[in-house]
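Next come two complexes built around chain A: one with chain B, the other with chain C.
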Partner chain A sequence: MQHDPLHILLADDDEDDRLFFKDAFEEIKIKTVVHTVNDGLQLMNYLNMENALLPHVLFLDLNMPFKNGLECLYEIRNTEKLKDISIVIYSTSASEEDIEETFVKGANVYIKKPNDFLTLKKMLAHIITINWQYDTCGLNKENFLLSIQSQ
Partner chain B sequence: MKLNIKYNINSLCKKILREQLDKMGLKYDLTTFGEVEIRQHFSVEEYKQLNTALSEYGIEIVESQKSVLVQKIKDVIIEMIYLEEKLPASKISHYLTEKLNHSYGYLANLFSEVTYTSIENFIILQKIELVKELIISEKLTLTEISIKLNYSSVAHLSNQFKKTTGLTPSMFQRIIEKRNRPAQ
Partner chain C sequence: MNLRVISNSTVLFRSAFIFFIFILLFISSIIYKHSLSVNDSEARVIHSYRVRIELEQLLSCMIDAETGQRGYIITRDTVFLQPYNGAGRKIRRSFNTLRSLAYDNQQQQLDLVVLYRLVIRRFESFADVLKLSNDQQVLTSLRKKEMLNGKYLMDKIRLQIHTMIDQELLSLQQKEKEHQEEISFTPLFTLLLMFFSLLVFIFLYYRINKNVAKLRILNNHLLIAKKEQQHNNAIVEGKNRELERSNIELASFNHMASHDLQEPLRKIQTFISRIQMKEIPGISETDRDYFSKIQSSANRMQKLIDDLLLFSRANKAEKVFELTDLNLVFENAKQELAQTIEEKNAVIQSAHLPTIPVISFQFQQLFINLLSNSLKYCKPSVAPSIQLTCEIVIAGNFPVIKADIEKKYYQLSITDNGSGFEPQYAENLFTLFYRLHHKDEYSGTGIGLSICKKIVENHDGFIEAIGEINKGATFNVYIPVL
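Our next item is the complex of A and B:
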């Protein structure tokens, strides 16, 4: 079914991870256009530009130089024009408390970085599909909370 | 005095579309020529309203039969979940088949083609969304919610909630409460 591609923005300082993600997105049914930035500062500069093409979904690595994921999350959720962006936080590991904190700070999705490509692809497809339901059915995105940890 | 006018149909239509869509306060993207993506829930009334407004300009919305039927499926499901005090005892597939007059196989295929998810998953998603709203409103206990939405037990509800969101209902409630607490 034809539709406008979803804009995905990925913020990750690891080049391999960025490639991994981009490849995974190419194989998902829902059409997407993926852009990447390398750190928190680049991310906020991009989002705050005058005529920035805002993403529908932002994937944010918790550990980045210059500005980490949590700081970015806080800023984004307190910026009026950015409030409709779905935010997915991912990290290599985190405690229950850290996960809870990212949700409390306004993240929609938390995922633990998987090691294999197939799992990543499935996770991304799942997240994008659910996000799509929220966008097309007018569901309340403030209640969009999803935690994916087991693999 | 005679003037020769040249007009650009494309920009003309886009301008009219934008005006009418903005008037209705809708979130949208104007994609290729002849296509508008409405990025929010769009009711039948709004659809009719928009169609009427556009027809004044000789612009008509061309109905895609597929998306009309999918919207009907969604409407039936949502009505089933939100409005009926107790969900129908008969299976959902029978309910949809009767109400929409198509075989379930046809409806299911069409639904996943258009929405990228299955009818079953969609139903679960909608139910869990309602559970979330009810948890936040704090008017019902979890047990009462499970009865209202026809779960076989509280455990069944909790399991489905955890499976769908990765969080337990109490974790969800705690997160929302912390979010709404004024900054310390």
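Our next item is the complex of A and C:
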């Protein structure tokens, strides 16, 4: 695995956020391939293609047109070939309800979109260096919301 | 109070009912006794009448015998002896009857014995006179003497019989008199009793009527109250629906605030952070300054939104009270503020706290807000020292507690050695957006203490601030002891 680039997919309807995301990964010195889709519908269409290259980690915004993040999460976790994808919720809000609901529906990590670029880079770097195999075994509510002190 | 009157009346009616049963039993027993005594008196009259008749028959029988004997002596015709011969049997029968009549009268029995002896002697005298009359040789003087003796006996018999009759009459009269007294007394007594019962009856009827009227009024009141309650319920239902609607609106506002408002802000912040990170040529020092001002404004906006969200969360309708160890909650609050505590070299001491039912996350927020308040308004040159104490107090000793003076409260006090405040502003501290300092002196949104107040009120408690400028402040939180 170490030599293969890590496949990362972001579903977010906000152009600026997609830009931040891609730029952040460009600045992180880890071999990654980043794809982005613009909404939930595109995401599901992409994932359900016959020969789709499934991402190692999927970053999922909650508030998207056509199909929101929660619906996507539910569908992915209930589709045999997709259900093992690691899913990181990537949202502006960090409300209790959203955190609770996405945790129950089987997301692996919850990130609140940070307010500055440095923190974003730190968070993303942390996420992709997680040993997923180990981490997904014991889902833990305490560690679900990823918090990285800014600066 | 009306109800108590009616329940008292129930006791009254119950005792009246028992009283009436006794009166009825009493009256019927009197009537029974009365009729028995009337029967008695009738029997007594008949008895006495029979005694008298029998005695008079005895006497007339004796007189018949005497008359017959005299007739025989004069005429020597045996026809005259007929009543004399039959007299013995008749007299025996009379005596038998009299004896049975006098079975319960000892005096009469004695009198009868005397009479019997006299009668026996009279018959012996009859027999002697008859023997002397049949014997021609006997001197008429002897017969005369014997006949005189007979007359003497006869007088005695007559006297005895008359005495007995008189006595019988006398005793009858006496008994009748007693009986008369008895039966003339009974109707009067019964009448009085009836009259008294009637009075009680009328009184009870009056009371019952009064109670019925009272009950009717109470019923009417109840009906009105019920209608009012129905009306109120309808109003409450309407209000509830309104509240639900406004809660939903509030939730969507929350969502908007947490999502849509924050998004542009976050982007401003992120873009600026990117500009600041890059060494862009041609940006002057002034521009850099402007950028940092934009950033601090955006950060402040961010803080305001976050605090508003916290405030609205403290407002939330759903309140889940759980038995919580406040020591743990306080530790968590300290953990949250660990960075600031370390930076400011703050010393925080806390007494042992109780385990009570609270909304756990709200209480943590309360501690965080109070602690960060104390940490924020510290004196620049002095390391903050914060004490948390807890004791049980009586409401009456603290005017801020609006409750029964007897009620017990936990008093949680957070005291600091910070800059304090003018005592006249103590009340205002808890007002939303109220601030005692300029923004550039101390950062803050003026929401933190309002959240505290809200949280304490959610727990049916009270909060007060005591302070003096430059001498520190104390925040007292009162939570009811359950």
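Going forward, the second predicted complex is superposed on the first by the 128 of 151 C-alpha atoms of A that agree within 3 Å, B and C clash if a C-alpha of one lies under 4 Å from a C-alpha of the other, contacts with A are read in each partner's own complex, and residues count from 1 in each chain.
Everything that follows uses one rule, which is that contacts are C-beta pairs under 8 Å (C-beta built on N, C-alpha and C of every residue); 3 or more make two chains touch, one makes a residue touch a chain.
On a predicted model such as this, the values are computed, not experimentally measured, just so you know.
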Tell me which partner touches more residues of chain A in the superposed arrangement, chain B or chain C. B
Could you look at A:N45 and tell me whether it touches chain B, chain C, both or neither (first, second, both, neither)? neither
Does chain B (first) or chain C (second) touch A:V104, or do both, or does neither? first
Can A:F117 be said to touch chain B (first), chain C (second), both, or neither? second
Quick one: is A:T92 in contact with chain B, with chain C, with both, or with neither? Answer first, second, both or neither. second
Check the residue A:I30 against both partner chains and state whether it touches chain B (first), chain C (second), both, or neither. first
What is the contact status of A:F20 with respect to chain B (first) and chain C (second): first, second, both, or neither? second
Looking at the overlay, what does A:T129 touch: chain B (first), chain C (second), both, or neither? first
In the superposed arrangement, which partner chain does A:T79 touch: chain B (first), chain C (second), both, or neither? neither
Chain A residues where the chain B and chain C footprints coincide 149
Would you mind writing out the residues of chain C in touch with chain A in their complex? 254-255, 258-259, 262-263, 265-267, 269-270, 272-274, 277, 298-299, 302, 309, 313, 339
State the interface residues of chain A toward chain C in the complex, per the touch definition above. 14, 16-17, 20, 23, 63, 92-96, 113-118, 120, 149
Note: in the complex, chain B contacts chain A through residues 29, 31, 37, 39-42, 66, 74, 113-117, 122, 125-126, 129, 132-133, 136, 165-167, 171-172, 174-176, 178-179
Under the stated contact criterion, what part of chain A meets chain B in this complex? 1, 3-4, 29-30, 100, 103-104, 106, 110, 129-130, 132-133, 135-140, 143, 145-149
